[in-house]
Every structure is written in C-alpha cells, then in structure tokens.
Amino acid sequence: MIIIMNNDVTDEQIARVVDRLKGMGAGVNVSRGVERTVIGALGDESKIDKEALDALPGVEDVIRVMKPYKIVARSYHSADTVIDIKGVKLGGKQIQVISGPCSVETQAQMDQSAAAVAAAGCRLMRGGAFKPRTSPYAFQGAGVEGLEMFRKAADRHNLPIVTELMDVRQVEAFQEYDVDVIQIGTRNMQNFDLLKEVGRMRKPVILKRGMSATISEWLMAAEYIAAGGNHNIIFCERGIRTFETAYRNVLDVTAIPVLKKETHLPVIVDPSHAGGKAWMVPALSRAAIAAGADGLLVEAHPLPCEAWCDADQALSPEELAELMGSLRAVAQAIGRDL
Amino acid sequence: MIIIMNNDVTDEQIARVVDRLKGMGAGVNVSRGVERTVIGALGDESKIDKEALDALPGVEDVIRVMKPYKIVARSYHSADTVIDIKGVKLGGKQIQVISGPCSVETQAQMDQSAAAVAAAGCRLMRGGAFKPRTSPYAFQGAGVEGLEMFRKAADRHNLPIVTELMDVRQVEAFQEYDVDVIQIGTRNMQNFDLLKEVGRMRKPVILKRGMSATISEWLMAAEYIAAGGNHNIIFCERGIRTFETAYRNVLDVTAIPVLKKETHLPVIVDPSHAGGKAWMVPALSRAAIAAGADGLLVEAHPLPCEAWCDADQALSPEELAELMGSLRAVAQAIGRDL
Amino acid sequence: MIIIMNNDVTDEQIARVVDRLKGMGAGVNVSRGVERTVIGALGDESKIDKEALDALPGVEDVIRVMKPYKIVARSYHSADTVIDIKGVKLGGKQIQVISGPCSVETQAQMDQSAAAVAAAGCRLMRGGAFKPRTSPYAFQGAGVEGLEMFRKAADRHNLPIVTELMDVRQVEAFQEYDVDVIQIGTRNMQNFDLLKEVGRMRKPVILKRGMSATISEWLMAAEYIAAGGNHNIIFCERGIRTFETAYRNVLDVTAIPVLKKETHLPVIVDPSHAGGKAWMVPALSRAAIAAGADGLLVEAHPLPCEAWCDADQALSPEELAELMGSLRAVAQAIGRDL
Amino acid sequence: MIIIMNNDVTDEQIARVVDRLKGMGAGVNVSRGVERTVIGALGDESKIDKEALDALPGVEDVIRVMKPYKIVARSYHSADTVIDIKGVKLGGKQIQVISGPCSVETQAQMDQSAAAVAAAGCRLMRGGAFKPRTSPYAFQGAGVEGLEMFRKAADRHNLPIVTELMDVRQVEAFQEYDVDVIQIGTRNMQNFDLLKEVGRMRKPVILKRGMSATISEWLMAAEYIAAGGNHNIIFCERGIRTFETAYRNVLDVTAIPVLKKETHLPVIVDPSHAGGKAWMVPALSRAAIAAGADGLLVEAHPLPCEAWCDADQALSPEELAELMGSLRAVAQAIGRDL
C-alpha cells in the first residue's frame, strides 16, 4: 500500500500514519520528496485497512499495490481453468454456445427448444424457471415446475442445463433437479449471501456481470464464491449500462482480453441481453468470439414472436443454426473449434 | 401504447400488429402519415406485452404512454405519505436526520454512538449488523449479536433503529429485535425475492437506489414492496455511478424533486456514501435539504479514525452536532423544521 | 411527432396544443384514451418545434416519429457508400487498416513509420501534426512542419495520409499539403463551426465519436458536414466513457451494426485509443472486424517506448505485421478481404 | 510519480525504468517488497513522461503524486479569487444570479428580458447570439446582430453581458461589442485552440464543464486559459451525462465543494441545462447555493412558450422573481448575500 500525504503535512501526521501501519503489522518506508511525502507500507496488503488510513489527518490518497482478489487471479493459477460440465469442456480450445429460451413456458415449448438447440450443434442448454422481472406484475417464471419441464426436455438430447438461481430458498429444488450449471444474474452479482451459498455448492456457476460493475468488483464477487470452496466459476459479460439509449446495453468486449489476463477462469458472453434485439446477435456473437470469449449464452425460441419474455431478442431455430455456421468460421480463423 | 412502424412497412405487417393488439384486448387506432404509420393501442397498458409487439415484423419502436408503477405513484395517492416510526414522523414538515455508525462494533461503541446521536438532536439511529462488503475477506458485520447491542444502546435514548436486511434468512432475527426500519441496500435494490419478503412485513422500509438504477426501475422496485401490502416505503438517494473518479459516487439531487413529483412517498438522502469523504458531508447534506429531501442518513462514529468500516466518511460527534445546526438554518429557509 | 398529455389534461390545454401544431403546418389527430389523450402531428417533423410543444401546459412528453438526420440516413441512400481515397476503396468488400504513429516527431521517425506501415500491407497512413492534449504543458504537435514531414514520408510509399484538423485556421495548411483524409477528433465532434468548415471541403472526413456522444448525436454531427455538401464521411468508433477504470474507454462494438443499419456511410474503429494499451489492440481489432467494421485506425511506432505521445498504446512494426495476418483470417471468415 | 512493477519483474526491467527516470532528471527510490517492487520518482512530475514509463516492460501501473494543474490550483493561490465584472463581484460573499434567454431573438424580446432580469434583482445578464445546436437544420442564433441587440438591451439596465464564444473567428465581434464575460460552452471545453485564444483575452471566462468531463480534465482545460495569461476563470457545472433518462443531465453538486477545495476560482451552476425543465430549476438552484456555489446561470424568457430555443426550460419573469426571493433565504442561512 502506498500512502500519499498532503503537501502541507506535519511531522506529527506522518508519525501517526507510521504508527498505525506498524500497528497493522506492516513494514514502513517514508520517502520525503520536495513537494510530497510518500509512505510505502510493506507486507500483506489484506491486513492493512485502507479506509482507516484514508481517515487519518494529512493523508491525501491511499493506493493499493496488490490486487484484492486471490483464488480467482491468474497469479494464483497460471494455466487456463477448463470446466467439465458432464463431459462438455468450457474454457479450452472448443468454444461452447449455450442456447435456449429466455423462460420456461410449457413442456412443448421446451421440447421444441431442446430439439432446435441440439440440432444447431450446441452442447448446453439455457432456460429460466425463476425470472427476475423489473415489474411485480410481469410473468415471474414457471418456478419448480419449470425446472421439471426443462430437465425432461434437455435430457432427451443429453444437454446439460443452465438456469438462474435467484434466492437461497431455491437451492433445494436446484439440487433435486440436479441443475448442471447455476447462473447468478446481473442483479445478484453482489448479493453476497447468495454468492456464499453457491460457494458451498459443487456445480459450476456462471457469474453474470452487474449492470455497472467494474472488472475489479466482478472478480471480487467471484472471489466470494471461490472462498467458499467452489472454484468452478465462469464469468459472463452481458453488456454494461451507459448513457447510450440506441440499444439496451453496451457489450464490453474489452472485458474479455482483460479478464483472460487477470483470471484463469473461463469467460463467456451473452450477446442477447447486451444488444436487446435479435438482429444484433450475430454481429455481437462474432465480435465476442473474435475477442477471445470461451463461449456464448444465446437466446433462442421456437416461435420468437410468441415468447412470454424478451420476445424481441430471441433467435428462431433457423437463425440459431445459421449463426453457428458463421461462428465456426470465426473460431477457426483464430485457431479454435466450435 | 404507441407502435411506430418502419417507413417501408407493408399492409400485411400492419394487419398483424392490429390483430395481435386486439388479441391482447386493446382498442386500436391506425394513423397513416406521409412518412410513417403509427398505431395507437387503447386500454389498460399493463395487459399489453411490449416485447411481443417489438418482435413483430415492421415494428420500429413501441412506446409506453402510461407509467408502469401504480401504488407508489402520486396519481394513485395525491397527498404526501407521512410515515410514523414510533412517533417520529418522516415525510412531513419536520426533516429527520438518521445518524449512527457504518457498522455495529462493540457495545461501548454503540452506547457512545447513541448518546452522540441523541445529543445532536437526531431522532432516529442507524447502524449495520449485517454488512455487504466488496471483499469476502473484510469484516462482514457483527450479525445477530450486533442487533442486540444496537437495540440496547438505542433504547436507552428512545431512538428507533434502522438497519440493513441482506437475506431472507435474517427476517426472524429482525422480528426478534423488533427492528423499527428495515433498510434495503443499494446492491439489493433489484433482489426481487427480498423485496417480496419485506412487502409481507409491516415495518417501514428504506429502499436505497441501486448504483445505476434509473428512477423508473427504482419506483418499480418499490412497487414490488407495495404490491405485497407494505406501503411504508422511504426512497433513499445515495449517489449514482458515473465516469467521475474524484469522488465515490455522484449525488443525484435532481432525483429529489423528480421523485417528489412522481410518488407520494418520502425521499431521503445518504450524503456519506454518496461523497465517500466526511468533509463532503456538510455541503451535500445542505444541498439535499435545500432540494427538498425529507431526511438524511448520515454516518457518525465516536472515533472516526478507529471505525472498522468506512472510517473516512464518518463524522465525529462534534461534527454531527455542528452539521445539525447548519441544517436547521437551511430547513427554516425553505419553510421546514429539523 | 406524438404528443402525450398529462392524465389530468383539460380541453383547453388540448386545444392549445392543436392550435400550435396547426400553426406549425402540421395535420393533427387527437386520440382520447381512457387514461391518456395522445395527439399525433402529421407532416414534416423538421418543421415542428419539439421544445415549444414540451413547454405547453398539459404536455407530458413529445416523441419524434422520424429520424432527425437525412442525408446520412440509409433511407436517403440505400446502397453502401464506398469512398475512394486516391484509389484506395473504403466501405466496400476490402477492409482498410490505417496505421502510423500518434504524432509526427521527426523525419526519420516518419520515414521508418511509413516503411513499416507499407511493409505490413496497410494502404493508408495516419499521424498527428496538430495534437489535442489534455495538458497545456504537454507536446502540442509538430504543426505545419509535421505535415511536411508526413507528406514526404508517405509519398515515398504512395500512402494517402490521414491527419487531424483541430482549428479552422489550419485549413489552408491542410490544402497546401493536400491532406487526403481529414480527421475530426473526439473532442471536436460537436465543434459545429469546424464541422461546417469541413462540410465545404471536398476531402473525405473521418468523424470520431465524441467521448460520450450518442449514436443519434453522432449522426447529426455527420449531418452538419453532409449539409455543407461533403458526403464523404467515415464514422470512427473509438471507445466511450463509462464508469470502468480498468481500461481507458469501452469500445462500443454494438455501434458498428447499428450504424451500418442507420447509415450508408463507412464505419471504422480505433482500437488503440479505445483500450489505451498495445496488448489489447489485437483482440479489439479482431472484434471490430468480426462485428462488421470497414476498417481500423491503429497506432504503430518504430520504437513504441520512445514515442512522444501515447507510447503505451503503439504497436511495434513486428506487432503490426502480425496483427495484419491475424485480421486477414477473420476478414475471410466473414467473407471480406484485407 | 510512483511506478508499480509486475509481480514477475526482472532486475533488468527495474534497471531500465531507473535509467529512464534518471534520463528524465528524476531522483529514484526503489522499494522491493515481498510481493511487489515499487519505484518512486522524486522531483518535478511535469518533467516525467507517464506514458513512456507505462510502455516499458515490467511496468504494471504508474501513479501521479502531484496534481497536473498549477495556476488554477488552490495550492498556487490560497485565497478565493473574486472576479470583478464592471463592479459586480463574483466569488465573494455575494452570490450572483446571471439570467436571460437561451438565445437572442428580437430587440423587443431582449428589451423585455433585460427589464425582467433587472427587476428580479439579478446583476448580470446572459443570452446566446451564436448557438451550438445538435441539428444543422435548427436555428443557429442571431449572430453579430444578436450581439448588438443584446448590448443595447442590457446597457439600458447597466447589466454586464455574458454570451457564448464558439469559434475563433468571432473574437473580433466580441471585442467590438465589448462582451463582458465570455462563455465557453460544454461542447468546447476541450477545444484547445479556442481555450488558448480566450487565454490571450482579458475578459472573464465562464468555462462550462464538458458533458462527461472529469474534474481533473476540467481543471486542466482552465489551466489552458490560465497558461495564456487570463486568470479570470469561472467554472460552471451544468450537469453531466449518465445512464438516467428521466432528466436531461445529472447536476453534480459534489463538484461544487470539490472544486472549491481544489481551486481558488469561483464556481457557478447552470440549473436550467442540468435538469432541462423549468419546474426543476428552483429545487436545483437552492441545492447549488446550499452546496456553496458562487452563482447561477438561469434561463428566463418573457414568454417561455414562445422561445425559439429550449422553450421548456426557461422561467417566466414572475418565476424568476419568485426564485430570487427563495434563494435569498437559502443564501442567508449559509451566511451569504444575494
């Protein structure tokens, strides 16, 4: 940690910072420049309370030298982590496209969806049984019955299932239906009690980025899961909130190479929620793969116009199949498979 | 709802939209301009699925004419709602300053805090027993023991207590210690299951604005609570996330008059988390009161530099007392009391 | 234009809006719903003053039905515009990578740069003679002498030159050195007098997106140039400003397909300024091409560590050559050349 | 400057950074911690090229210790600067409300405006002759004739005039009509050539904050003016761009105390452009004064609904007079006059 003092700092104030640092167990290095005094705190930064230093008189700024995350950092584990989902590998050379409807509606809709997902060549299926909706008056998801319909439809095609967990009280149902990949949604990225709960589970977790979460906060949210013992974490970029109103969110492709540098864990992208319109999905999907994403989460529906939720962003079965072909070419251009 | 069609729309596409609208029970008004055809859907907008219309061919844009929130809207209840917290009125002529430490640490710290809060003339006390922390390795709050210490300290001064609920499993403890006002934190503003849970409770709820929540999303989050039957909701603006890095968040004072126009419910402001530095608190507090806020949530600590959490943003007892004096003058200037 | 009235609107207020619209020459269609009255204004929207309507009593919202831009809109000219820069085609099947240093420093540096740019297979060269710098104390560019050095170096390799125009008083020098493509920088996207000036010139203009410009504002800025008679406009996405601090800007890839839909003009991307670090450039470049960009603006320097400006974002000649190879593969995967 | 090295840095890389720093004339202090090596560069930071250091191998981050601005910094001049505008003092105990229409339309409109501004008790008048409009097809201002009408109307009431300069070619006209205060608009905050030009002039300059400018960039823009010799600079906060769409911009009140701490120059606020609606102006104006602003820039028009520009944000003469009374009370509550 580096402590930058005000330009009119007194010796007494410097001494107080030094004392405080020593009390926290840190080594101290005081460097008095012509204009500024800078104090370096040596040792384990997690033991040093940044805010307490910030509050001391004469302190202008306190800067971390070390990253606050550990288990999820690439410096902790230098090789790429490849997550095995019932034999499907995510994070390796092969790119995975996880597809399916926004929400589970009926058994017929799920059966058709599963057939279309499998036919397009996808190896994993998504679908929401518990739905986070902005309005309390909107369809809130089919719930536990939805999990049952989903499991049944997906099993027929040997597709592992991915679905969102919104509340700790749903954990039991997730275990009963043996959900293969647990999704933590955007609005729950910093629902710390939920993160601790999935940290105790052993299924892979897709951690969606909060709508305005920084890369650092996102890594720290993953650290909550990892600290509980579950290291099977997949980051999912889904667009961030900005001033732009021409599309729902701004897909942050820069996050892909930056995360691949900072963490050993896989990174996927949700182009459907990012753009918010089906016609934007192909361009965004290609961009994500070209930037190095390990996979995609793409909404598709047997009859998009009839979908009960996010109808305008779902691909039809034909569009999904066509997209897969186009993505295969991009994957090969960068030396990967799909 | 108004549906704007593409400039090359076909009669068939228009007919399909009209059919779909009629199927949703809406009256229809087609207006063919020189350059654009616009379709008006008459009737209860909550019955019309905007996304399904967005997904139809030929549709360029679908625009709501009605507000999606109901119970919390001023059009539902035109007079200001005044919430009674054990005899302390929030939302009326008298402005309430809720003060106390970021987190409950020890009984002695809470006793000193309560004494300082009461001495400064505040009528409500805040303090966190369950703490949402960015890092899993940081102090996570004193938990249920914290509630006990808080209750004991506050009761000595007849101060109703305000504390944050992070998880549905903490509800029982909140009931046991009879927490007077439940705070829903920034990161949980769209934790819909938690909102539904406090909607079933009968205690007033402070709903903090999500870090990048729009006014509309915030009102809809309150609607989740109200739809459950609990109409005692207090909005708390606490700064939004922007590009600016010179301070933690940008206090959005414009939200105050806008909310007062849109809703009948009280609006308070948290200047401590907004600025992130104790020295900014007086200016931001005065601005909030001058803009029409019904109250403030101000962090104070008997020994700010020793605080276990957010040490750099807590006021000392002396600073709190001084702030109260300065706020009283501003309150009187705009015809209110403090 | 659609005017949505308040829910407690009076007949008098409606009549005043109708009168005002007729005074502006618009046809009027009043639709009285159960909860809302909506007034449609028919006719040429550019003749209707939105703000004046917004100011009338009883008006809640005024919504445009038509796009405010004309010449730059795809509805004005449906085929892609291909811009010819001394024989190099931008906007067609072939993707153009424009490369060169951030700023013109010396003749030797420009000669080496030009050689490297040509050797890598790029067909256009960039370099700044007039530099917009955040600090008045930083190197402000080599000025007119810089144009001379640039021209000389580029001519040896038949590379058309691209350079930034910052002030109307530099126009003469640009004409003297026959600058092939004029760049309007981010900070000048809404410098309307400068836009009008390049609207009178006949050279192609690269219009960089303002740091927080919406797609609509950007199109309107281009409309300023087009309205002056110069239709040779190239949009350049260069990252937008958001809350994220892990990288300089957030490259907005969604802007690429959205612009290609809204306008017939070419769209290129500047991955160097977007990410701000050389190691991010390859991933961002590939993403941009995969998303449909017609070209790139990539910083390269013979000795990046010695560059006088933005040293940390320039590619070395070797890195540039390698990037070109990788981009060629991606271009082919989506059916284009490079 | 502090240079933080990667955790796998080599001795050779450290040596190269040290050499480079010495070459820039800096003293060097290398501190090898257990996990990180940190290099301190001592001496005049403006001589050290941050980007060149960022580009060196092994460097993870480079952090400034000193502020990049000088003349505008409070450390350069500790007392508040009070600017004298023909006898009206801005930046002292007395708060100044500068009012008038968005744009100069006719002589009659300006005469009525001036009378209303003076009658309300304002001591300075604003009005735009050259208008930055998003659309090339919108009214672009009355130009030089506008300056003449403005001068004539204001002189009758001894009101110094404030008007926007958009282009260096307008300087002559500004001198001819002896404009008392030159306004640099939001879109030109980083039009560096224009800043240099007003730096050479001797009239006070109101520098509006760029729509997404950081405090630091804003101070640096002022430094451009100051470096040219003109130290009569007034900062004007006018709302920043965020994700919120319920109002035009978010008025950043936190900027007021932060600027007052960082600079000795006056700070005013434009509540009209911030909110974008006349009904929001009183609340925002009171908040600005309460937060410590030295003045306001408020739009008023004899007949708001007939204004040629921004009709929905102008106050009527009656509303302006009423606002002045309410602001006087707030000013007195914080120990100032109006």
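Some points to look at:
The first chain written gets the first letter, and so on, giving A, B, C and D; residue counts start at 1 in each chain.
Following the convention adopted for this analysis, a residue touches a chain if its C-beta (ideal position, glycine included) is under 8 Å from a C-beta of that chain, and two chains touch if they have at least 3 such contacts.
None of the values given here were measured: they were computed from a predicted structure.
Ranking every chain by how far its Cα centroid lies from the centroid of chain B, the top place goes to C.
Interface comparison, A-D versus A-C: the higher count of C-beta contacts falls to A-C. Distance between chain C and chain D, defined via averaged C-alpha coordinates, is recorded as 26 Å.
Per-chain Cα centroids separate chain A from chain D by 39 Å.
Computed centre separation for the pair chain A/chain C is 31 angstrom, with centres defined by C-alpha atoms.
Contact of a single residue of chain A with at least two other chains is seen at positions 212, 241-243, 245. Only residues 46, 49, 51-52, 54-56, 68, 132-137, 166-169, 187-188, 190-194, 196, 211-212, 217, 220, 223-224, 227, 241, 278, 304-307, 309-312, 314 of chain A touch chain B when the two sit together in their complex. Of all residues in chain C, those touching chain B in their complex are 2, 4, 7, 27, 29, 31, 33-36, 38, 40, 42-44, 63, 65-66, 75, 212, 241-243, 245.
Touching chain B in their complex are the following residues of chain D: 212, 214-216, 239-240, 242-247, 250-254, 256-258, 261, 274-275, 279-280, 283-284, 286-292, 326, 329-330, 332-334.
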